[in-house]
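Two complexes follow with chain A in common, the first pairing it with chain B and the second with chain C.
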Partner chain A sequence: MSSTQGTGGMLDAGTRLTTERDEQVTVKSLLGFGGQGEVYEVDTPGGPAALKWYFPQLADVHRWRILEALVDRAWGDDRFLWPRTIVADPSRESFGYVMDLRPERFHDLPALLRRDKAVAAATPRSLITTALNTVEAYKTLHEQGIAYRDISWGNVFFDPDNGDVLVCDNDNAVVEGESAGIEGTMNFMAPELVRRDQGVKPGIQTDLHSLAVLLFYLLMNHHPFDGALELRIHCLDEKAQRKLYGTEPVFVYDPVRTANRPVPGEQDTVIATWGVLPQVLRDLFIKTFTEGLTRPGERARESEWRDALSAVRDAIVPCATCGKENMTQPDGAAPACWKCRRPVDLPMRLELTAGKGKRRPQRHIRLNRGAELYPHHLHEDPERHDFGTPIGEVTPHPTTPGRFGLTNRSTWSWRVRRADGSQLEVPPGRTAALRPGLLLELGDGAEAVVRER
Partner chain B sequence: MSDIPGGPMASRPLHFIWLLDCSGSMGINGKITQLNYAIREAIPEMRKAADDNPGAELLVRAVTFSSGASWHLAAPTAIQDFTWEDVYAHSTTDLGAALRLTSEALKTPPMPGRALRPVLALVSDGLPTDDWRSGLRDIDATPWGKRAVRVAIGIGEDADREMLKEFLANPEQEPLRVKNPKQLVAAIRWASTVAVATASTPAVEGDKQLATPMDRTPTITAGASDDDVW
Partner chain C sequence: MSDAHAAAGPHLAGSAHAAFRLLGQDVTGRGKEYSQDSHLAFLAAGGRAAVLTVADGHGAAAHFRSDLGARWAAEEFAACARRFVAGALSGEEPPGWPVRREMARDLPRRLVHGWRLRVARHEASSPAHGRAGEAPAFDAYGSTLLGVVLTRELLVCWQLGDGDITLVWNEGPPEAPLYAGQDLGDETESLCQPEAWLRARMHWRPLTGKGPPPAVLLSTDGLSKSFEDHDGFLGFARGVRDRVESEGRAQVQDKLAGWLGHAATHSGDDTTLVGAIPVPLERTTERPE
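Here is the complex of A and B:
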């Protein structure tokens, strides 16, 4: 036995443990602790990893079974720090599991909410991408019948540069329908859980409320129910939160019940962020936080969030005056820049129709310099948005300033049809000049028309 | 962050007040030195607890009591700027005076109209020498005092368990009892971070987190050696 040394936690550095797969792990250092246990950096045969070790009184048979089920369901998805294998030791009172280490580029959402310098690289595009990736990650879970139960700002990490996400703390997830207690912080919980309504259990339907709260925090930097009513509360304790988030929740922008509007001078952040939020996203928040409060079936589903977020991402336009990115309503009018208040100049728009079948979704992509087309644009119902491999990019003409074209970054040829009926082929690497009225056949049944505005 | 609209999220102040026993007995066997050490050790964890809860603005103060009581750190200090000046031990255990002094700070004003629950963290190693029940009633008579999240740590065998329990005023909560410096570090760290979490993000289970805490406390099981018993 090699020598061990204190880490400040339950396990000493140098402690050797064996996983259920018979691999040796060696404890190196304590990374931190939370409400359920401690997390260590460990060495494994596959390289450095993280080990979560439960506080002994939480390490019961029930938790073991949940963990076993989760390990069995692992599907190798880099968006989740999924439990890889259980670690136990008969001589110790507890057990834990091994997962990947969280890379440094990922930051927590509280840092964003505080507007911390560490996440200053965040832009409207990276935040919309974060939202989209978060939604798709939970969609993947829910499609497999797994409820997460504890969606909160503590569990989703993001890369402020590009919006990549990493969902942590997955050991609270359970297969839908399995019995599991109600725990967690009230600000993320569905009202029926806060109220402890008879027979209501945390599951996919309540996850959809928590997800919407998370998206509201992410994009609006505020809680959806913290308006004028919150300001009347002196001490924001459990009782006050039960009322605010459980028994009498009122969305700050409920179109009908206006009693809880944010108060200028006190809640300016949400006034500013909601003021520049495109209507497609407003609609989903309104629906989820009005009808969805009492009828969980009315809550926006992940696919709705995905489509709206994807559309808004395609409609982000830089301000010609100050250069800041602005979200715009897809297919909508030009807003005033959130930063300098000048009208945002809208570039040409690609009106893209995807798919070969009857259901042909339309997408609107603003063709500002650097705008990109991705494989998901061509699919009727994309499995996942991947911004890693663009298939087209708006580029400036090499010699004529102010002229732009769409460069084919895919591996197949496109076809261009001009208004006069003539056709041109655009092989990979070549560029089609952008002109209103131009028709592009992009392959896979997808076609697109360039529009003036 | 000038690339995205909106400023920092609105937050409420979370007033955290240490109530520290600096009676003569705390000077025995270096207990007071250990207390200074333990509070310094807890600062990074308190910062992290504050960082995890963007809705809370954690502000720390400290009252010491021996013969009478006084503010060791009177200004509510942001945890990011908080540094610990040593406290020293002498004379009696006037907890009542400390509670009375604290009760003044829990009136509105000086408390703001809107805040999170304050936290009162009491550390003591003995029997109070003044009328502490009257002081406790003063605290309970203030709107913020009666709602405060309370944690209590009793150092050594002589700590007045009944008094600490009465201070907690929560039948489900027990004072933390520590017998050696290692446990003190763990208890201070646990009490400060869990109290901050309890006050800043209320949970449906209420203050359950505060109940039966010792066996959840890191380091307790990490082979505390017997020879460093006071």
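Here is the complex of A and C:
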């Protein structure tokens, strides 16, 4: 016989439930609360797992069908905590689903905003990587024809050390076009959904707005519509939320409508973060939060975000004076360091032309000490950025200070062409000395030239 | 015997049809002229919601107006909480959970803005450093803030800086949902920091189990620091709840000044506690509306 103990939630510790796969799960403890239900740690035959249990008023037939469809998809992507199996109990008014437990290394966005010690390791590079991984995760989902419908800061978790992401609460995802109402988080919703425009349904197009809001929070630590106008609000009740995010949204850095600029002294973070954001990213935010507000087709697409974020990641340069990482405009001029305000000394740049086909994108990689080349650099349309296995690394000359080389970390040989026409093979493990004008053939059709700045 | 000064009374407001009974007491630290803590506890939504808040002015030389800062923090929280209750919990058709949650998440933003306006207004007429025309000296008013809105269906806790919000349940140990570990020094998050609302923590809890906790207690760090360890403090919290159960709220309220005064002799700090105790459901439903 089993005994139960209160958890403060809908389910007591010790409660036994049965999954649709006829496995037994036992509730251990309450982990947290959300807008739709509660999350418990449970014991399953396969080990500890998480159980999301819906508030009874949200546990309807429609949600059950959505869950069934998601479980049937059996998504194996490690960037998503996907529903594994449905859990129900005829004696209870609700149901839920089992998913993997979120590893402790992942933290939510609010932890970043409040400068929590747990995310103190975050750097411009790890945050740009987080943004890039987030974009690619949603791109993968959208390419499967699935709309997430509830992208918000409560659903994406990140590792501050390396930018790995984990997308949770995937139970709102549906096949694009399927009718499914959602009462999401209004400040992340596309304005047409907040306004309840006739015929508009949450889908991939509205996800693109939510994704841009999420990226703005991640990189700017602020909401894109919270400027001077927001400070006039006494209570962000439903009416105020509809106005601010639906009927009258104004981007804080709208180049034309300037009434909603951030207020110094009240909203200093966004003033500072926008001030150091490379133009390539500013352009995408401006496009999405100005034209994209009324013409959803103008919103930046995932591939645009991916390319811009990848380019900015390649152009991160440490300040020679204070050591802080600076995001620079790819192929652009040297900015002043965000921390010490001294001019950032730009190192040499690898101008790389990727791929073999018609579309041969150009990439600009700043050759700082420790900078790395990855397989995605060589591909014209990489499926996914994987920073786990570099194929090249900028290393210091063993005896001459200030001189650097590019060490081949791949499993194939490179070819180097010098300005005098001579050629050299660079097998794995060997290093090519870096100097302006050096030409490299890196494999897969990718060619690169070293530029002075 | 403690030489701490005690204050309750006007900070505490009740209602005839209350779903909660309230506790509240503020004791001035030993040797201090006046307390830099502030607190409020009252019922809203016709007695269906309890609003609790405690603010702890920093008190050091650099924060020489922190008694004012703490008072305004508590008052601004009270104003924000009333609006939250009115917008999220009252009316014929209250908004759905996501909208309510967003309102709760946004509350610190409104609170900090309101507090800064109060400080700026005061600074305009009475600059802390005696130099008119300069930027307001927010530092002089630095304070922490704890706040709770509690109904039978929902508990929301907010915390900026140190202090303790403690939930005492019938079963199991008391819970400190926003506890961030033992402080190593006197540094704390504060309302006077730039964009302080970003540093506020929130605990959102729809009460889907067996209703509200039998006691929700808020206290300044003067209380928990008077105990050898956090477990000792949690034991005290359980004791308060048990005494309310066995002796009644009024008896406990009468004794609070003595208990907190004793604690204040150990910590040397101002010590404040407020609390809400749910009235058993059968007793509230018996009352005529």
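Methods note: the second predicted complex is superposed on the first by the 446 of 453 C-alpha atoms of A that agree within 3 Å, B and C clash if a C-alpha of one lies under 4 Å from a C-alpha of the other, contacts with A are read in each partner's own complex, and residues count from 1 in each chain.
Methods note: a residue touches a chain if its C-beta (ideal position, glycine included) is under 8 Å from a C-beta of that chain, and two chains touch if they have at least 3 such contacts.
Just so it is clear, the structure is predicted and the values come from calculations on it, not from any experiment.
Aligning the two structures on chain A places chain B and chain C in a clash. By the touch criterion defined above, A:411 reaches neither chain B nor chain C.
Once the two complexes are laid over each other on the shared chain, residue contacts for A:236 go to chain B and to chain C alike. Contacts of A:186 after superposition on the shared chain: both chain B and chain C are touched. Looking at the shared chain after the overlay, A:268 reaches both chain B and chain C. In the superposition on chain A, no contact is made by A:29 with either chain B or chain C.
Set against each other, chain B and chain C differ in how many residues of chain A they touch, and the higher count belongs to B.
By the document's definition of touching, of the two partners only chain C reaches A:5; chain B does not.
Of the two partner chains, both chain B and chain C are touched by A:114.
With the complexes overlaid on chain A C-alpha atoms, the stretch of chain C that clashes with chain B is 78-86, out of 78-86, 186-194 or 258-266. Residues 6-10, 12, 33, 35, 38, 55, 113-115, 183-187, 221, 231, 233-238, 241, 266-269 of chain A touch chain B in one complex and chain C in the other. Those residues of chain A whose C-beta lies close enough to touch chain C in the complex are 5-10, 12, 33, 35-36, 38, 55, 113-115, 183-187, 221, 231, 233-238, 241, 265-269. By the touch criterion stated above, chain A contacts chain B in their complex at residues 6-12, 30, 32-33, 35, 38, 55-58, 93, 108, 110-111, 113-115, 117, 119-124, 127, 153-154, 182-187, 189, 193-194, 196, 217, 220-223, 226, 231, 233-238, 241-242, 266-270, 272-273, 276, 324-325, 338-339.
Chain C makes touch with chain A in their complex at residues 80, 83-84, 86-88, 95-99, 101-103, 106, 109-110, 113, 116, 135, 167, 169-172, 175, 194-195, 198-201, 204-210, 213. Remark: chain B residues 1-10, 12, 48, 51-55, 108, 113-117, 143-144, 147, 197, 201-207, 209, 212, 215-216, 218-219, 221-223 touch chain A in the complex.
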